[in-house]
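Chain lettering (A, B, C and D) follows the sequence in which the chains are written, and residue indices restart at 1 in each chain.
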C-alpha cells in the first residue's frame, strides 16, 4: 500500500463513490429540510427523517474514514482536507457539496470560457437555486415562531432568499434573530458574488470574441514566419549547392 | 417537397411572416394588457380585447402549423422548437417574443462589439421597457384587490417593476401573493442580468479600444513579415541567377 | 461667410464661450435650487433667483442664436443639435451640461484607459455628486408638502438620492407622486450605469495591465522582425556584390 | 544627512516601524470601539480605553515627527503626505490604515492579477470586514439613544452595515441622524466599489486565462523569429565564405 499505489487507490475510490455521496447529500437535504418546512409533521415522519439524515451522515463519515485509511500519509490527508472535516462535523452544510458535482462540468476551464455559455448559465442557475433553498431552510429554522419574526413559512423564507441574493431587499421580510442575520449576511455576500459571476461571464463572452480574432491574426503571423523560415532554409541549401559547384570548379579551373 | 427544398420553403415563410407575427404580438400585448390596466372597462371593450387576443393567438397557432407542414422532418421540428410550443400554449408570454425582432439587430456579433454602442444601449433600453411592462401587467393582475396588497394601479405596478429591476427595492410596493412573488423573482434575476449586460458593455467598450491597438501592432508585424518574405524570395531569385551565371561560366571556362 | 470659413468661426465661438456657459449653468443651478431648498425664502430672494435664472437662460438662448447665425447650413445645424434645442427649451436640465466640461478631460480616450485612474475616479465622483444634487432638487420640488410624502427637506432629498443611486433603497424615504417616481426611475437606472462604469473601470485597469505586457511581447516581435529584415537586406547586397564580382570576372576570364 | 542618504534613512525607519504602527492602529481600534460598544462600561474601563487611544495617537504623531525630521526636504514631505496629516489629526480614521498592511501583499501587481485569486479574496474579505466594523462603530456612536433611532446595539450596527455594503438595504435598520447618514453614504459607495472589485476580479480571472494563451502564441512567434534570424545570420556567413573563396579564386584565375 506504499507510495503512489495508495494515492491511486484513494482516487479510484473517490471516483467510484462520487455519485453515491451526491445521492446521500440530496437525501440529507430532503431529510433535513422536511421537518423544518412541515413543523406539524407527525412524530413518525420526524423519526424517519431523523433516521435518514443520520444514515446519510454515516455514509459521509464512513467515506471519509475509508479515504483516510487509503491515504499514504493519513495525518497529512486529514490536516489538508479541512472542508471534508467540516462537512462531517457540520452535516447541515453537506447539501452545498452538491455544487461539487456541477464543478465537474468544469465551467472554469478555458474551453468553457469560450464555448458553452449555456453550461455556465446552468451552473449559475443551479447553484443559486441550491443556495437559496439551503439558506431558506436555515432561515426558517432560525426565525419561525420567534417574537417579532416576519418569516413564518417556507414560502416566506424562499421569497426572503430571492429578494436577498438579488440585493433587492424590499424589507417586507427580514431576519430578526442573530442566527437569521448571520445566514442573511452569508446570502448577501453570495449575492454580490452572483452579480460578479454573471457580469464576468457576459463580459468574458464579449472579450473572448475579440480575443479570438486577435489570436487569428497572431496565428496567421506565426504561419507566415514558419513559411519564411522554410524559404530561408531553401535559400541556404541553394547557396550550399553554389558553393559546392564553386569548390568543384576551382580545382578544375 | 423533399430534402433541402422543404427547409428552404420554411425559412422563406419565416422571413416573410416575421413582421406580421411582430404586429400580432404587439396587438396581443395591448389586447391582453388593456382589461388589466382598466378593471372598470365596459363589457364591450372587454369583449373586443378578448376577440383581438384570440385573433392574435390564432395567427400564432396558424403560423406554427404552417411551419410544421413546411418542415422536412415534422416530428423533429416540433420536438426541437420547445419555445414555439410554449408560446402557442401560453400566449401571455408572447409579447416577450417582440425582443426577437431586436435581436435581429445582432448586438452580439463582433462588429457591434466594437462599433455601435448606441445600438446596444437601444436594445438594453427597449428590452428593459418591454420586460417592465409585461411584468407590471402580470403583477397588477396577480395583486389588485387582494387583501393586504399594496399594488393597486398600473402606475404602482410600473413603479414596483422599476424599483425591482434596478435592485433598489424600497419596499413601499412589493408582491404579497404567490403568483406575484414568482413574477417578482423573475424580474429580480433579470435585474441581475441587466447589471451584468450594462457592465459588460461598458467594459467591452474599454477593452475593445485596448484590443484594437494591440491588433494594430499585430497587423504591422504581419505586414512586416510579409515584406520580409518578399525580400527573401527576391534574394533567392538573385542567387538562382548567380548560379545560372556560374553554370554558364563553367562550360565556357 | 461661405464654406469652411463659417464652420471655423462657429467652432472658435464655441471654444471661447465654453467657460462662460459653464458659469451660467452653475449660476442657473444655484438660482434654480435656492428657492426649492429654502421654501420660506423672502419674496426678494425669490425674485433675485428668478431674475438670475432668467439671465442664465438668456445667455444660453443668445449663445444658441449666435451659433445658428455662424453656421453655414443653419437648418441643418438646428435639426442636428437636438440636445441644444432641449436645453434651451427645458433650462432645468441645463446644469447637467456641466458634465460636458468634465468630458473635456477625455476619460474615454485610450491614454486615460491606461494611465490616469485618478481622473476617471474624479469624473465618476463629480458626475455622481452633480446628478444626486439635481435629482434631489427635482425630488424636493415634486414631493414637499404632498400628503403622505416622506421627503420634506433638502437633507432628506439628498439622503434619498444617495440610497437610490447606490441601489441600496432602505425604503425610509421614497417618492409618492408621479413626478417623483419618474425622477427616481431616472436616478435608479443611472445607479445601474454607475455600477457598470465603476466595475468596468476596475476591470479595465486589471485588463490593461495584462494587455500592456502582451503588447510588449508583440512589440519585441515587431522589432525582431525589423532587425531580421535589415539582416536579409544586407545579405542581398552582399550577394549583389558577389554577382558584380562574378560579372567582373567573367569578361576577364 | 544630505541627499539620498536622508531618504534612505527615512525609508529604513518606515520599514522597521511598520509592524509597530499596525499594532498601534489595532490597539486604537479596540480602545476607540470598546466604550462605544459597551455604553455602560465603568469609568475605569473608559479611562483605560481613553489612555490607550491617546497612547496610540502619541505613537502615530511621534512616528510622523521622526519621518519629517529624517526627510531631506521637510516642507515637501509634509505637503506631499496629506493622508498622514489627516490620520494624525483625525485618529478615528487610523484603523483604516490597517488596510495598508494588506496592500503590502500587492494584490494589484501583475503577478497577482494572474496567480493568487485566494489572496485577492482574502484582501477583499479583510477590508470589507474592517470597513464594516469601523462604519458600524461610527454609526452606533451617531445613532444610539437618539429619538426615532432603530440602531441601538453593536449587533444592530453590524447588521445595518452588512445590509448596506451589499446594497441589499431591507430598511429595518437605517440611520436617522445627519452624521449617521453621512457614514451610511460612505459605506454605500464602498458597496458599489465592492461589487466592482469582485466583478472585476472574476472577470480578470477569465480574461487572464484567455490572455495567457494569446501570449503563448505570441511567444512562439517571437521564438520562431529569433530562430529565423539565426538561420539568416548563418546564411550570411556562408555567403561571406563563398565571396572569400571567389576572391581567392580571382587572383588565381
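In this text, a residue touches a chain if its C-beta (ideal position, glycine included) is under 8 Å from a C-beta of that chain, and two chains touch if they have at least 3 such contacts.
Since the structure is predicted, the reported quantities are computational estimates derived from the model, not experimental observations.
Visitor: Counting a repeat as over half of the contact pairs in common, which of C-D, A-C or B-D repeats A-D?
Guide: Of the listed pairs C-D, A-C or B-D, the one copying the A-D interface is C-D.
Visitor: If more than half of the interface residue numbers appear on both sides, call it same; otherwise different. Which is it for chain C and chain D?
Guide: Under half of the interface numbering overlaps between copies: different.
Visitor: Let me have the rounded angstrom distance from the C-alpha centre of chain A over to the C-alpha centre of chain C, please.
Guide: So the centre of chain A lies 41 Å away from the centre of chain C.
Visitor: Centroid of chain A to centroid of chain B, CA atoms only: how many Å?
Guide: One centre to the other, that is 29 Å.
Visitor: List, in ascending order, every residue of chain B touching at least 2 other chains.
Guide: Answer for chain B, listing residues that touch two or more other chains: 167-171, 195, 199, 201, 203, 207, 211, 214, 218, 221, 225, 228, 232, 235, 239, 242, 246, 253.
Visitor: If each chain is a dot and touching chains are joined, what shape do you get: line, ring, star, complete or other?
Guide: Shape = complete; every chain linked to every other.
Visitor: Quick one: which bits of chain D touch chain A in the complex? Just the residue numbers, please.
Guide: 155, 159, 162-163, 166-172, 194-195, 198-199, 201-203, 205-207, 209-211, 213-214, 217-218, 220-221, 224-225, 227-228, 231-232, 234-235, 238-239, 241-242, 245-246, 249, 252-253
Visitor: Which of the residues in chain C end up touching chain B in this complex?
Guide: Counting only chain C, the residues touching chain B are 108, 110, 113-114, 164, 167-171, 174, 176, 178, 181, 184-185, 188-189, 191-193, 195-197, 199-201, 203-204, 207-208, 211, 214-215, 218-219, 221-222, 225-226, 228-229, 232-233, 235-236, 239-240, 242-243, 246-247, 249-250, 253.
Visitor: Please output the residues of chain A touching chain C within their complex, sorted ascending.
Guide: That would be residues 167, 169-171, 199, 203, 221 of chain A.
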